[in-house]
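Letters A, B, C and D mark the chains as written, and numbering starts fresh at 1 in each.
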Amino acid sequence: MNFASDNWAGAHPKIAQSLVTAAAEYDGAYGSSRLDREVADRFNEIFDRDVAVFFLGTGTAANALAFAAVNRPGGVVFCHAESHPIADEGGAAEYLTGGARLQPVSGADGKFGAEALERAIAKYPREFIHHGQPMAVSLAQATELGTAYSQKEIEAISHVARAAGLPLHMDGARFANALCALDLQPAQLTWKAGIDIMSFGATKNGCWCAEALVFFDPSMAGDFPFMRKRAGQIYSKSRFIAAQFLAYFEDGLWLELARHANAMAHKLAAAIDASPNMSLAWTPQSNEVFAVMDADFYSHLQARGTKCYSWAKPAENPVARAENQTIVRFVTSFATTEAEIDRFREAV
Amino acid sequence: MNFASDNWAGAHPKIAQSLVTAAAEYDGAYGSSRLDREVADRFNEIFDRDVAVFFLGTGTAANALAFAAVNRPGGVVFCHAESHPIADEGGAAEYLTGGARLQPVSGADGKFGAEALERAIAKYPREFIHHGQPMAVSLAQATELGTAYSQKEIEAISHVARAAGLPLHMDGARFANALCALDLQPAQLTWKAGIDIMSFGATKNGCWCAEALVFFDPSMAGDFPFMRKRAGQIYSKSRFIAAQFLAYFEDGLWLELARHANAMAHKLAAAIDASPNMSLAWTPQSNEVFAVMDADFYSHLQARGTKCYSWAKPAENPVARAENQTIVRFVTSFATTEAEIDRFREAV
Amino acid sequence: MNFASDNWAGAHPKIAQSLVTAAAEYDGAYGSSRLDREVADRFNEIFDRDVAVFFLGTGTAANALAFAAVNRPGGVVFCHAESHPIADEGGAAEYLTGGARLQPVSGADGKFGAEALERAIAKYPREFIHHGQPMAVSLAQATELGTAYSQKEIEAISHVARAAGLPLHMDGARFANALCALDLQPAQLTWKAGIDIMSFGATKNGCWCAEALVFFDPSMAGDFPFMRKRAGQIYSKSRFIAAQFLAYFEDGLWLELARHANAMAHKLAAAIDASPNMSLAWTPQSNEVFAVMDADFYSHLQARGTKCYSWAKPAENPVARAENQTIVRFVTSFATTEAEIDRFREAV
Amino acid sequence: MNFASDNWAGAHPKIAQSLVTAAAEYDGAYGSSRLDREVADRFNEIFDRDVAVFFLGTGTAANALAFAAVNRPGGVVFCHAESHPIADEGGAAEYLTGGARLQPVSGADGKFGAEALERAIAKYPREFIHHGQPMAVSLAQATELGTAYSQKEIEAISHVARAAGLPLHMDGARFANALCALDLQPAQLTWKAGIDIMSFGATKNGCWCAEALVFFDPSMAGDFPFMRKRAGQIYSKSRFIAAQFLAYFEDGLWLELARHANAMAHKLAAAIDASPNMSLAWTPQSNEVFAVMDADFYSHLQARGTKCYSWAKPAENPVARAENQTIVRFVTSFATTEAEIDRFREAV
């Protein structure tokens, strides 16, 4: 019963097979191959417009380089306190931008609202050099807490960002999961809702290493090819990333895998909800489920072979809980099986 | 006849198969998997000592982060003018070190000598703050011009570096090729000769994306895990890099592939030498061959389907040649076939 | 009645005269002059031990380069939310460290306590690469809110920092004011209490441009001369900074000026306390006084010619106040006169 | 006889007096004072157009921040091998740009020509990401070798820079000396000749610390106020820099001082030329004179009390000289007296 993380899973067989197929050929390096170009076209189709897409190796690089692409001196990025760039990227955003600041914005369930964002931006008055200056807004979809922004919520955030002259970035490490949860088209949840730049992640959803940065307005990409190069993030055999995306998009595999992970999370949540020893911390929407339980029960679960992680209690989620309670994160993936869920249900 | 670059080749079938095998399992992320640890042990065996090894995605990242690991304020890295960090990494070393300078050192055939290095270092007197300060020496093995440093040459360079208190880095993007060309053990050509840090490349020799930074004295690695993280270069599914290395080292595959590439280069060189239309620019030792020819003949070759690149004339190699002559680079790889060489021989 | 800031004041006549005297001579550049060395000795006397001192032009550079001197990859500096590096340096610390993060620590009256610091550090577990790693603790003395840490408080903070292996930095932009307020010796309030590095400011207390970074353990200074150089912060005619410090320290001028500024603040505070239209936000200890008043009264004050600034309401100081109230900062300096205070008393 | 450097001189009495005058008043901080604005207007008058001017503390900061203002990823600045940013700024340009490269361009007498520049730029083909990309051209006026570019030479360089889409920067640390040497108007030697950004230095010519960055097209300044802030280069009592400039420009003092320094250099050069023990390395045009002499004679000069520096032999100036010869730099300044020159003439 492995619910440690979706990056503990391996790669989907079709992704693996696509790598084998790609291995046999000669083709241009550094993104110049036929496969690279073909997959770039696929991104255009998926988003229903011409985009500029750049393959990358890690989601951390995608997020940090997105900020680097819109960098300003003394720049401040507004994102949720639980966001990946703040909590899990070891200072990559700060480093690869040469010193941007990540300003946490508050909000329940891993999401911030338009009003909170507006108040946060207002603390950096335009042209007041001493505080620095706003440079971007970033939200995660799905969020790090397993929730998802509705299209309306994104539009409201975009409205605030646009009024402040700030580009809006989406960390889409689990974009497919959000898409399936909300049952929307990629365009609806991104550029039509006001997203300017997106970290498009496929690694957590069945690839082994396939990330991309997408500029919905290609003219925003500017010098990005040089940025990717100097960050050591342009792969000589880039077409192997392309090969993963090729299989990922083929016949809607990506949505199928995300739907499966979400469904498994749904069943897992039901099992938690039914257990007298745990309760859901908040309503899960994608493939991450958070439960409140006694520390003792958490130990019991682990002893029974359930892999999962205790989570720092989010400041913004004052779930009623005693001192000895903990919040535990469970993550499902394309590789999670019904049998695992069943075993978990029995264990709890 | 594709001699464009060894990174135009795909991946060796055994490497591809190893990725398929790894795809099936669950295991720890971010380098904590069983496979990651197993391959780290393999590096110890190969180098005949305990080393600290860190997997990375690109050779550019390996080189730049090697310098970041030994960074000094106002720091200057001494390397050949034709070195990859100077000529082909788009400023990655400068960027990821936050501003180190790459100081070209002169020398024929893509190699610099101990005396030239000593003179270059002497221009940055210790404690004279205005010029900056020496921080590292870096050499490529094999070099970017297809030659290799002898063990004696490395020892002489190491002697100078050590006297100046500078760590010695080896860019081993084509290390296997040098190893086979010189018929030496990995230890002999690295730490026993005075190398402190090494970019160990496998991508150009049959992997699709497998690079590593090796610290021969593990205590030098210090905070490197944090450096790799903040550079967006720690892969969540790191074990897929490990899987490539696993197959790469299995039964000496890596040396077999390099030996093949070298042998193909040898044959290619012979064909060039025998042609009335070309001459060898210098004696090749690994899997890169450089030939001098008329621009017209270069066009002819390309028209006949030979993929290869015209090379900027190295300042240090005043090969006797007329204005209309050009230097052309041919690269062989694990995927080069005898048949390709034969076709090339006929074409010239 | 100018209480806008102590940096709105000019320079004390003795400081100005010292610049005139220094103007007449030839001497070594870049800190090598007789005067530079003489003043360095003066720092040793003042702190009652041999220190390494480096002159700088701005307090922002001093703070940011202090952090640069103890930089770690993914590094996190713990300081108060109201600290100058967080609130007033436009991202200099982040920029000059190449991406360190400033982590706010909570505490009333502009000061954080040892327990709060300990909790904040605990959120960055050693060796957990994903969050980054602690690299320094920084406190301001006097604080940005006009208060001062007692020697005991600094010792408690130092205890926590030391246990976590973190250097402790003091932003001493208003050090003289704190020293006089607490009636202690410089050594007692700094290295004897556990301070490792100090930004020693004289600009706000009567110089025009005289800042210094002091390493109490000179071996910690390491490559700092190169750091200062590459930051463009080594002055060719550095001895003019020395000349200011020379007069500043002569016959205890620095303490005399700080005592005067503190005394003026004391009288100002009394006038505020006595006014029916204002109340003290908290007890002032140095040369900054914060008062709570109606927005209307603030306008009235300004209309009557009082220069002062409205201050963002510190989150940590929930002074009982209605929506239409504001907190206003008044700063005194060496140049503040009794007559100004008298006029202010009449105005309120 | 002090010819060590123009930054060994103190400050001109009128500059010192201006600091005394400014010391007495209250006024706005961080460049908002009446004096700051008044001096900004003076710059407009001097350059005969509206410019954006930013005061700074050091010439190194001015040069490095000029490059930061026009930064590009993988950016390369073209400047002479003897230029201050390459030879004397300890890596500041690389650091404050986050990793730009300074590409030396060759040329005799400390100057590069338009053709050499064109060839250097051509080595970085547009859109070829592997080398990086051109981002600026920088020339020094007067040069570090005491020579000056003619207006025509600057125009030719500007033509090349403009064709390549590169801003042209002038390091004007000794601008007044060049201006007087060439007997031109400031506008003629700068924006009318194609200069876009200028480091305007006054420190070496009689101030103690007065540097400025001038954008001839104010719209190019963009976010520069934030850049200056985050570099720790905005002075709280900025008006003291303004005060120095005020006196510097008053009644043409700056040109008077530069003319004097140039005249002293002229006499010094005549004395060198007349000596049997030395010869001029090249024809001096400003306040720096370079002489070729035996190492023994250099020792003799120093023993006789002449302060001057041995200079690394510029690669581009193969002045006929034996192994034991050295090149020695002599610098005059506003403070150099005829009596010093006379004593030197006697000594040689």
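The rule we apply is simple: contacts are C-beta pairs under 8 Å (C-beta built on N, C-alpha and C of every residue); 3 or more make two chains touch, one makes a residue touch a chain.
Computed from a prediction, not measured in an experiment: that's the story for all the values here.
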| query | Looking at the contacts, which chains touch subunit B and subunit C alike? | reply | A, D
| request: Go through B-D and C-D and name the pair with more C-beta contacts between its chains. | output: C-D
| query | Which one of the chains is farthest from subunit C, going by Cα centres? | reply | B
| said: Averaging over Cα atoms per chain, report the distance between subunit A and subunit D in Å. | reply: 50
| Centre-of-Cα separation between subunit D and subunit B, whole angstrom | 41
| request: Just give me the whole-number Å value for how far the CA centre of subunit C lies from that of subunit D. | output: 34
| query | Which residues does subunit A have that touch at least 2 chains other than itself? | reply | 30, 73-74, 89-91, 94-96, 98-99, 129-130, 132, 226, 229-230, 234
| Where on subunit C does subunit D make contact in their complex? | 2, 4-5, 7-13, 15-17, 19-20, 22-30, 56-62, 64-65, 89-92, 94-96, 98, 203-204, 208-209, 226, 229-237, 240, 335
| subunit D to subunit B touching residues, read off their complex | 73-76, 87-91, 94-102, 123, 129-132, 312
| said: With touch defined as at the start, can you tell me which subunit A residues reach subunit D in the complex? | reply: 30, 68, 72-74, 98-99, 127, 129-130, 132-133, 223, 225-230, 234
